[in-house]
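The structure under discussion is supplied below as structure tokens; questions concerning it will follow.
Chain IDs A, B, C and D follow the sequence of writing; residue 1 opens each chain.
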Amino acid sequence: MVNLNVKIGNIELKNPVMTASGTFGYGEEYADFIDLSQLGGFIVKGTTLHHREGNPYPRMVETPSGMLNAVGLQNHGVDYFINTIYPRIKDIDSQIIVNVSGSNVSDYVEVCEKLAPLEKINAVEINISCPNVKQGGMAFGTTCSGAESVVKAIRKCYNKTMIVKLSPNVTDIAEIAKAVEASGADSVSLTNTFLGMAINTETRKPYLSTITGGLSGACIRPIAVRMVWQVANAVSIPVIGLGGIMNGRDAIEFMLAGATAIQVGTANFIDPAITIKIIEYIQDYMVRHGIEDIKEIIGGMQL
Amino acid sequence: MVNLNVKIGNIELKNPVMTASGTFGYGEEYADFIDLSQLGGFIVKGTTLHHREGNPYPRMVETPSGMLNAVGLQNHGVDYFINTIYPRIKDIDSQIIVNVSGSNVSDYVEVCEKLAPLEKINAVEINISCPNVKQGGMAFGTTCSGAESVVKAIRKCYNKTMIVKLSPNVTDIAEIAKAVEASGADSVSLTNTFLGMAINTETRKPYLSTITGGLSGACIRPIAVRMVWQVANAVSIPVIGLGGIMNGRDAIEFMLAGATAIQVGTANFIDPAITIKIIEYIQDYMVRHGIEDIKEIIGGMQL
Amino acid sequence: MKKYIKDFEIKENISLTAQYSVLKLSPIDGQMPKTLPGQFVQVYVGNSRNTYLRRPISINYIDYDKNELWLLIRDAGEGTNSMIKSPNGSILNLIVPLGNGFSINNGHSLLIGGGVGVAPLLYLGKVLKERGNEVSFLLGARSKCDLLLLDMFSQYGNLFLSTEDGSMGEKGLVTQNSVMQTDFDFIQCCGPKPMMMAVANIAKERNIECEVSLENMMACGIGACLCCVEDTASSGNVCVCKEGPVFNINELKW
Amino acid sequence: MKKYIKDFEIKENISLTAQYSVLKLSPIDGQMPKTLPGQFVQVYVGNSRNTYLRRPISINYIDYDKNELWLLIRDAGEGTNSMIKSPNGSILNLIVPLGNGFSINNGHSLLIGGGVGVAPLLYLGKVLKERGNEVSFLLGARSKCDLLLLDMFSQYGNLFLSTEDGSMGEKGLVTQNSVMQTDFDFIQCCGPKPMMMAVANIAKERNIECEVSLENMMACGIGACLCCVEDTASSGNVCVCKEGPVFNINELKW
């Protein structure tokens, strides 16, 4: 039997396959299709200090091998999560990670302080890269100093595992990753969505109510793999890779580039059971290649 | 009859449809398929001061709705272009623009000085964004100061129209565009390819001999459209839009976002006659929408 | 209701017009999921260059005797076009059933459909009729050739027709059809948004219970992506794919 | 030679094995472009989710009487798979003809093919035979079922076969086939690179003129993208799609 176990900060994942924030709801939406306890972990949707209605409709448009979205962090706020959602999902035998967003440093800190006591939430993913809200954190994620300010403040009050989700909309993502590592993050996840837009040429109006939105899907995978490779070569904390993973082959590609674990996002929309198929593919791949421990694949690209 | 005429710097284009450097050879490769004189213009492949063999094979891999390439500016050098290629193509009744690349400022200057006397070459496109050679200019294209140094030096010695091709691999492309404009460029073209990579998971080797390469094709169009929109709102010189234009609709989309002209790249590989179909589509679109002058479309997105 | 990801075989692809086809599908494993009128499916499109996401299609009809689920497809782009071109015997992967569905009221319902929006009303009319209710259909289209499946509809209720060009039924919009003046207890409506809004206004004036089925653009169809939201009176932005697609007009901010 | 972008109809899609099909194509406009043995076409794949670029396929055979161009397709991925699944009567768009082609020598040529690499040798053998030359085919494959179109090949020359499992012809690689010891004036070869390299070495030892057909990955097929380069003795990096796919082994740095 192959060993799929990986570690991110202080949390153990039974396998490296997680789901990306904002594509998997609170897990419950997928319970009809898969056994959630088979996942290495799942990241619940972006949570903010207060309730957010999100952006007006329309919020999405299909693009070549991908989609643009502009949801804008719609959620009921951290208290609602703690009181209403958490009790429903806490007994799922998988790592439940909360994605945290804020418009200023104190928001991030306050949300993390509220989440810290939850027994079954042993990691947060700090979103400093949401492209879809004016102060959705992308400002923090595009400069080293901005990223440091958020990470250092959270580190002071949050002792569990902190993953920082990086924006790809930067010149040198490795620099940001190094700053985040130096500020006390336990792991980085990349990439968040790419800032894009599309215009309906018949109406001459943008397809999204916010004009620009976040591009995700298979289309951006080659850029995300490159960034994961650059970051994995720049930092010593574990890297979580995501960006257009559609199948098991893609998951292996990210791990060979240096990812310790991966997140499946947009692919969940096309096949709600894809995560389980990816886990099975990884097992078959390891057997086929005579690999006993998944860790042998991490950063295993050969030159 | 609708008016498709647009102006870039001092050159007039009979229509806004051009072809992107490195995807159209010297034009001759497409002479069997289209009447080159119908094009608004075409950009001949990246030309350097000296002969370059380019990168080793393999140089390309297909990706979702796109491709990665790592050609590495293979060309015979500017003198070969002037003595051997130019005489063969100079009588084509279209704007012939030479894409100029270099690894240091003096290279760029010397190539431009050699091209300046050519009667039928009335514009150059300065490539400060080639991701595929160590000193292929991307270093210049990712900082304002780097871009300024190249553009200012060329401006001193080159009086014809100077288009500067921008790299999308930056945090704020509008800042670079503003710096380029302030340094004397007549126009900016964007985007060049996105730095990406792909790994063959069975051999565990990268698909490209250079590991990373430039991503082009429909996949990146939403990002390129967003960047064109941002740059068109930041500068007053004309913007030339490119990045994943596959058909006439896509060309209109870039113009609505603010592009005065567009370049067709990867799509030429899939349909060598696509440029002519795009010109016809634009004419039909204008008639359908009661638009007499193409300039009404430029930046015509409605909010 | 439990949702399934299931392969269906196209038993029959019936081309109604150049633009419309009915696909009669049977589950490969023989197990037809329980569905409600007004629910929809997400169709995976496997053989189209430019279709990335699934396509939401409302359930047109369920034939439990033949174990068939019908989809009424309008050729509205590369995705639906490739469905229409799928030969008999080919396989479609569906996520089914999705959404809430129409209310099954007791009384006389007027089911108003426009264009391809007539699709879910056939299944709804069948169920209402089986429950012993009186059913009337008011179907509108641009012209005669866009009025679809009339023989099927007539099995389950009275038929009232409107065409914009007057080539069949009354000339004009459905809202101008004389049947709108008659009495009934409920209106249930599916079609273009302007039509549904006009119907909603009449319903409000006449104080008649009214449900409409929305078609907001969506990615996942299962309430995960939060893209297809509609702003509602009591709950703000809700997912049309989950809390809808059917809404009582009093819930909408129209 | 003038290149064309042309629609062809699939007159016949003949499945040879689970993995191989021959597509017999006729130009819609009736005008078959002039082609040479060893040239190839770029096929547009319109109904595949994950195929973006065209697929280069070598010309297998030209039947001028029937105005047919044949492609031998191996199911090597989503693009070729969708070609193999294309029904008779469907349309394929080709860019044709591409590349340089084999030399048409006077004398006795041994045409060596491996796997799907046998494709261009059929057309080459036909032309050589028509010019009154003696032709021998040495065809290799993993096993009997991978030896394709033998009846066709036998029309144009002597047949020598090798299979790795010995299920047909001599057991072993083509380079081990006894015919390699006999005399001939030219070798022209197409197949997996290791096979072609082994053949090239023998040709050099025996000082026999030898041409090989390369299959470097390419995007455009017309010499524009410069992706499919091969490093050559006299000209450095050249495009396999334009200066090739056929090279004299003396030109290659093998």
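Methods note: a residue touches a chain if its C-beta (ideal position, glycine included) is under 8 Å from a C-beta of that chain, and two chains touch if they have at least 3 such contacts.
Nothing here was measured: the structure is a model prediction, and the numbers come from that model.
Between chain A and chain D, the least number of touching-chain steps is 2. Ranking all chains by how far their C-alpha centres lie from the centre of chain B, first place goes to C. Note on chain placement: the centre of chain B and the centre of chain D lie 36 Å apart, centres being C-alpha means.
Measuring from the averaged C-alpha position of chain C to that of chain D gives a distance of 52 Å. For the pair chain B and chain C, the distance between C-alpha centroids works out to 47 Å.
Among the residues of chain A, those touching two or more other chains are numbered 63-66, 217-218.
Under the contact definition stated at the top, the residues of chain D that touch 2 or more other chains are 51.
Under the contact rule stated at the top, the pairs of chains that touch are A-B, A-C, B-D, C-D. By the touch criterion given at the top, residues 63-66, 68, 142, 169-171, 194-199, 201, 203-206, 211-212, 215, 217-223, 225-226, 229, 244, 246, 249, 252-253, 256-257, 285, 300-303 of chain B touch chain A in their complex. On the chain D side of its complex with chain B, the touching residues are 2-5, 44, 50-54, 95, 216-231, 236-237.
Chain A meets chain C in the complex at residues 22-25, 29-30, 32-33, 45, 53-54, 56-67, 69, 71, 74, 217-218, 266, 268-273. Residues 45-49, 51, 82 of chain D touch chain C in their complex.
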